[in-house]
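Each structure below is given as structure tokens.
Both of the next two complexes hold chain A, though its partner changes from chain B to chain C.
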Partner chain A sequence: MAVQVKEREHQDVETEQLMSGCEAIAEAIRLADVDVMAAYPIRPYDGVMQAAAKLIANGKMDVEYIVADGEHSQFEIVKHACAVGARVFVGSSGVGWFYAFEAIAVTAGLRLPVVAICGNRALDDPGAFGTEHNDSLAVRDLGWLLPWAETAQEAMDLALMAWRVGEDKRVSLPVAIGLDGAFLTHSQAIVKIPTQAAVDKFLPKFDLGDRLLHPDNPITIAPQVDQDWLMEIRMQNDQAMRKAHDVISEAHADFKKLFGRGGDSPFLDEYMTDDAEVVVFGQGTLALPMKVAIRRLRKEGHKVGLVRLKWFRPFPTQEIVKSLSRFKAVGVIDRDYSFGSPYYGGVLYNEVRSALYSLDKRPTIVGFIAGLGGREIEQAMATDIFEKTKAAADNIKSGDMCHWIGVRS
Partner chain B sequence: MAVETHGTGTLPQIKGVKDVPYEELFVSGHRTCQGCESALVMRHMVKASGPRTIVLGSTGCMYVANTTYYTTPWVVPWMHTQLGASGSAALGTAAGLKVLMRKGKIKDEKINVIAFCGDGGGADMGLGAISATLTHKDYNCLVLLYDNESYANTDIQLSSQTPYGAVTTFSPSGTKKRLMHTRWKKNVPGMLAAGHPESRYIAAGCAAYAVDLMNKIRKALELGGPTFVHTLDPCPKGWDYHPQYSQELGHLAVETGIWPLYEVMDGVCNLTGPTRQIAEGRKKRKPVYEYLKRQGRFAHFLDEDVEHFQAQVDKMWTEWLIPGVIPFTIAAKDQTILKIDKKALHEQKTA
Partner chain C sequence: MSDPTETSVTVEVVYRGIFQKTLAQRICRSIVLAGRKRGHTGTAFARYGDSPERNGVPAKQFAVVAINDLELEASMAKYEPAVVDVSIAVDDTLVKGVESWAWYGRQPIWKPVRKDGFLLVTSENTPEAVLAQTDTAERPYTLVIVPGGASFAGLWVFKDDHTDYRVLGALAKVLPDWVRLDDVKALIQEQTKDAGAVQSAQRGFDGATQRAVNVGEGTSGHEVLQFEKPGWTTMRPGIVIDARKPGERNPQYKKYGARTLRPVVNFDTCIKCTMCWLDCPDECFEVTPEGHYEVVYEACIGCGICAQVCPVKDCIVMVDELRFEDNEDKWQFWKKDHDGYNKWFETKSGVSADPQVRTPAARQEGSGNANPSANPTSASGGDD
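Right, the complex of A and B next:
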């Protein structure tokens, strides 16, 4: 499905605007000609619903905008709109995301390409508004594609990618874009807004084909299959997730051609890694304070760098193996927790270690839990992370532990 | 700007049994029990709505027992929805169709959207979503609640629609407690009619009165906007009686006054069938004992339980503002509510 266009032909008519991550997503909704969206208030994701409501009220886009009676209804409404062929958008945060959990699970089971954002927020109780990734990560096993954005620009770009990849017949899976609460949902930056013509070239019309629910196509969707067929159906989901890897690469290549953005790899964003000995690995906005620390530490002569993960699902195992095996030590920073997991590490830590297990020459992988509840990752903490990772470099077993960073004693 | 609401407009009222369409859109393949009235409701429902219909089915008997892979009984397009999601399924489907037609992405035509749920899915878990849907007046969809008065698919557990005192697997009759379940049945259609003044059609029906039920479904679809129909479905397994008596029990539920048949159309309430005859004094209400004694789930009832049941039903008929619909009573000493001069209030407002 490669797009045949001249490189960056639309660059001259792009506009630039100062906007938050939420506003950038709302622009993507407009550009994608979304048909149905369902809103329900919870901070911080709902900034996108507020921004979209303004666009609708001012006649900038034509979307059925349904204010639901709860997150479960929100996700069910778009799921069913999607089944009759509508391009849809939805989202939530924290405990709201969990309130929708049943609908989230079945959406993936139904292979309906709903596009959502999860404005990452700590799970109550006790109450907290700030970023934690446990809301998005809770769906990691269910068949949702899970990209994570670092900037408002990337939020918009990933949203356009999300419809393209999710709706691709080889994939046909829902996508939930992770946006760090406050740090990204509500922080403004300059965003390049592509033209409608360019987006139309990138994003084909949504077509469910013979899976469309319509009187002209009287199918029965999701009958009771029991043990007779469920395993075959689960395996189809597995195959779709496998195919998603290449479809993302393809979409990324087209995106780069059309818009001139997106970096070298669709899956990883590497920062000062060429000669690095020690790197940190993480996702979302924590890249920013870590990049500042890297520049500072490099001035002091330390060969340090960052590898940022852009897609948690499908987990880009080969790309991660290829990248991380170059280094002596990797510090994996989790903005999440997984109580009682191996070595009491975070989710990302154990996934990365699992991916690297069969390598002959493995880097030491140390786990860090930092920035929970939206706590700022300060420079002293960043330095601490690099020092601990470096100290573990010579002994692979010293990675069998997880450090909590910046915690008051 | 007024919101445009259009119904299907192609479903005339059925004049009698001979006028019922021959076409079957719910056929063999389902695995419901003998004497299942809910399956009959499904059949009547799509017979009434016709082939240009999308049906959304929430979890319950009419999903699990009804829709097995490779043996679907549905001739019309059908999709499963979650236990508490019938309202949202109806809304999402109707919204999707509406916007796709407006944008010219699919052909602009009338397609009926019906989401069904059981009493567990509709009166318990999904009530909030149904309520929300009934306020979205710019979407055409019908929510049908088939009420067999228990979670019959999961082993007959009590729901908020299980009648007072009935035995279920969550309310067995034991040596210490004769009655485990002492809550009175929730008045769902009355509550929804009272609470959603912009829903153009809300009705209570029963498959034992098939033509009445089909006409209610047609009216709901024809009037358009979000609408609701609640059916009482005798269930041989859950109610413990021989399957051959399902229709008879449906008749008895109505004739004893336990399950009044009615419709609230554009804010006007009509009693229908025998319920109307009872209200007009042309037919005598049968004692509830006639109905209770036919069902094993009430076999443990003592005289006092029957008396309590009868008293509650009597109260519904003699004290409620509208029998079986609006449960308010007006104190005998204070008739202010009835004396309100609506005309004067109107003039006062416009002056």
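Right, the complex of A and C next:
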């Protein structure tokens, strides 16, 4: 599906707007010419449904906009629409996402490339709606591709990537873009909006091929299976997820050519790592305060840097191994929790640790749980994270493998 | 009695889904509990994939008795034993072949029975008549007939006709090292406090007739149906399979394994009213050039609805499945040889092909069951 384009040919005609992450996603829905979207309100995802409804009301977008009776129906609607060949969009947050869980689980097995956002939100203890990544991460084992955005611009860009990658026949898997509630979904920034012509060049028409549910193509989707079938079905999903890695790389290269954005690597965004000895590793908006801290600490002479993960699934194991093995110590910051997990660390911590395990020379890994429930990552916390990581690099044993940051005792 | 030379024994009960579920469960549990009486241990389980059971579709339950827990482990955590010492068919029409509703092809009834094992069938027919409908033996085994009809002892209704006690008694005869008649009797006495039930076990023991079956004996007339399971590289992605276009039948989906009775049509008396064609839940009827309706026996499950809705007396008659050798369509037969067909109809159904004749025609092939209401498969419902 290589796209033939000249270097940055469309960059000059992009427009700029001040918009929130949710509005940026709505623009992506318009640009991708989505056929069906299903909505049910829950904060912070509902910013997208409002922004999309406004685009429709203002005559700027034509999409079948279905307000469901709950998240489960919402995700079922797009799953079925996708099976008849519609390009679809859906989204939710926190426990709303969990209410849709049955539909979410089977969508991946059916290889239907639904594109969703998960406006990351705490799991409602009670009523909390600040960001936490446990809602998105709950589907990490099911066959959904999981990118995370740092900015509103990246949210839009990842959305366009999501349809391109998910709908690719080699992949044909659903995608859920992680957007930090408030910091990204409800904060406005300058966003470059590409032209329709450029997007059309990047994003081919959705084509399910011989899997299209249509009277002219008599098929049955999802007949009952049992133990004699399911392992082969899981294997197909495993292979699709493996192929997704290269398809993301292809799409990223095309995206960069067309729009001039996206960074060097589709999977990792490195900041001040060239001479760094100690880096922190994380995903989403927490990279922003950490970059501020890095500039401040570098002025004080500390060789620190940041590696931000852009795709949690497929997990870019080789890229992570190659990057992180250069450093003395890595502090993995989790905006999530995994109670009772190895060393009581977060999800990302244990995945990174596992990825590095087979290396002969591996950096010291320290885990940090920070920013839960949408708590801001303040500069003092960032300093604390770097100090603890550096202490580990200097082989100073604190007794703890993982630390909670900025929590009152 | 001597101690077993092997360390475990495996028995399967093949039964009609729903209608004989409780019977199969009682037999399998009792085998384990009888083994327990002499210090053995065991496990009883149903084939997980049969559930939710479909009316009349061949289903299986199993009992394994082992000399101790360690030896039992080799038979645990399984859906279905690959090899059994004894297969018990509690409906003699099952000997025509077994096909689960998940459809992996029709299997000979003796398929899992080990060399020199036993096939135990409850039947009112002779061993020769049963063997005549059983697939050609590839290994020697012993056919054991336990006199009696197919017991309707299912999920919803349990008709306690002592079939389970008679089967257990017969099993004690063929597996004396594992299931002792005294243990079976003691167990039934404990469970029922009924001397008649205990006596039924003795009757099963005494009445069971054995017939050695050699390689090559049986019928080669049954259709061979096999199914290759595809691999992940050959399966279509996204859990997609080909569907049928309107009017097509799925050539792989043959449901006749569920049939205990089959509809036989008197084309002379048919008034072409369409009722059978309309009401058949499996769309089994084809319209002939003259506007008659003939049964496609490969698709018919023998539910009997056609016979019930047919407004003409004895135009569609339900007949014991064991009396038929094949699944050939019969309209061609009637077209070519009208009188020959009508004689065949009378022979099979036991009723006259001539509507002016009110008395039943002379039965020439034993006692066929010509009463559609006796067909348990006409009941509705499932356990899902």
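Heads up, the rule we're going with is that the second predicted complex is superposed on the first by the 402 of 409 C-alpha atoms of A that agree within 3 Å, B and C clash if a C-alpha of one lies under 4 Å from a C-alpha of the other, contacts with A are read in each partner's own complex, and residues count from 1 in each chain.
Everything below uses one rule, namely that a residue touches a chain if its C-beta (ideal position, glycine included) is under 8 Å from a C-beta of that chain, and two chains touch if they have at least 3 such contacts.
Owing to the predicted nature of the structure, the values given are computational and were not obtained by experimental measurement.
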item	value
Contacts of A:370 with chain B and chain C, given as first, second, both or neither	neither
Partner chain in contact with A:81 - chain B first, chain C second, else both or neither	first
Contacts of A:214 with chain B and chain C, given as first, second, both or neither	first
First (chain B), second (chain C), both or neither touched by A:329	neither
Chain B versus chain C as contact partner of A:290, first or second or both or neither	neither
Partner chain(s) touched by A:227 [first = chain B, second = chain C, both, neither]	second
Touched partner set for A:172, first chain B, second chain C, both or neither	second
Touched partner set for A:111, first chain B, second chain C, both or neither	second
Chain A: partner with more touched residues, chain B or chain C	B
Chain B versus chain C as contact partner of A:240, first or second or both or neither	second
Where chain A meets both chain C and chain B, residue numbers	218-223, 225-226, 228-229
Complex contact set, residues of chain A against chain B	33, 35-36, 38, 62-64, 66, 68-70, 72-73, 76-86, 88, 102-103, 106, 205, 213-215, 217-226, 228-229
Residues of chain C defined as touching chain A within the complex	49, 79, 102, 104, 229-232, 235-245
Chain A partner contacts - residues on chain B that touch it in the complex	51-54, 56, 63-64, 67-70, 72, 74-82, 84-85, 87-93, 95-100, 102-103, 105-106, 111, 128-129, 131-132, 136
Residues of chain A defined as touching chain C within the complex	109-112, 172, 210-211, 218-223, 225-229, 232-233, 235-236, 239-240
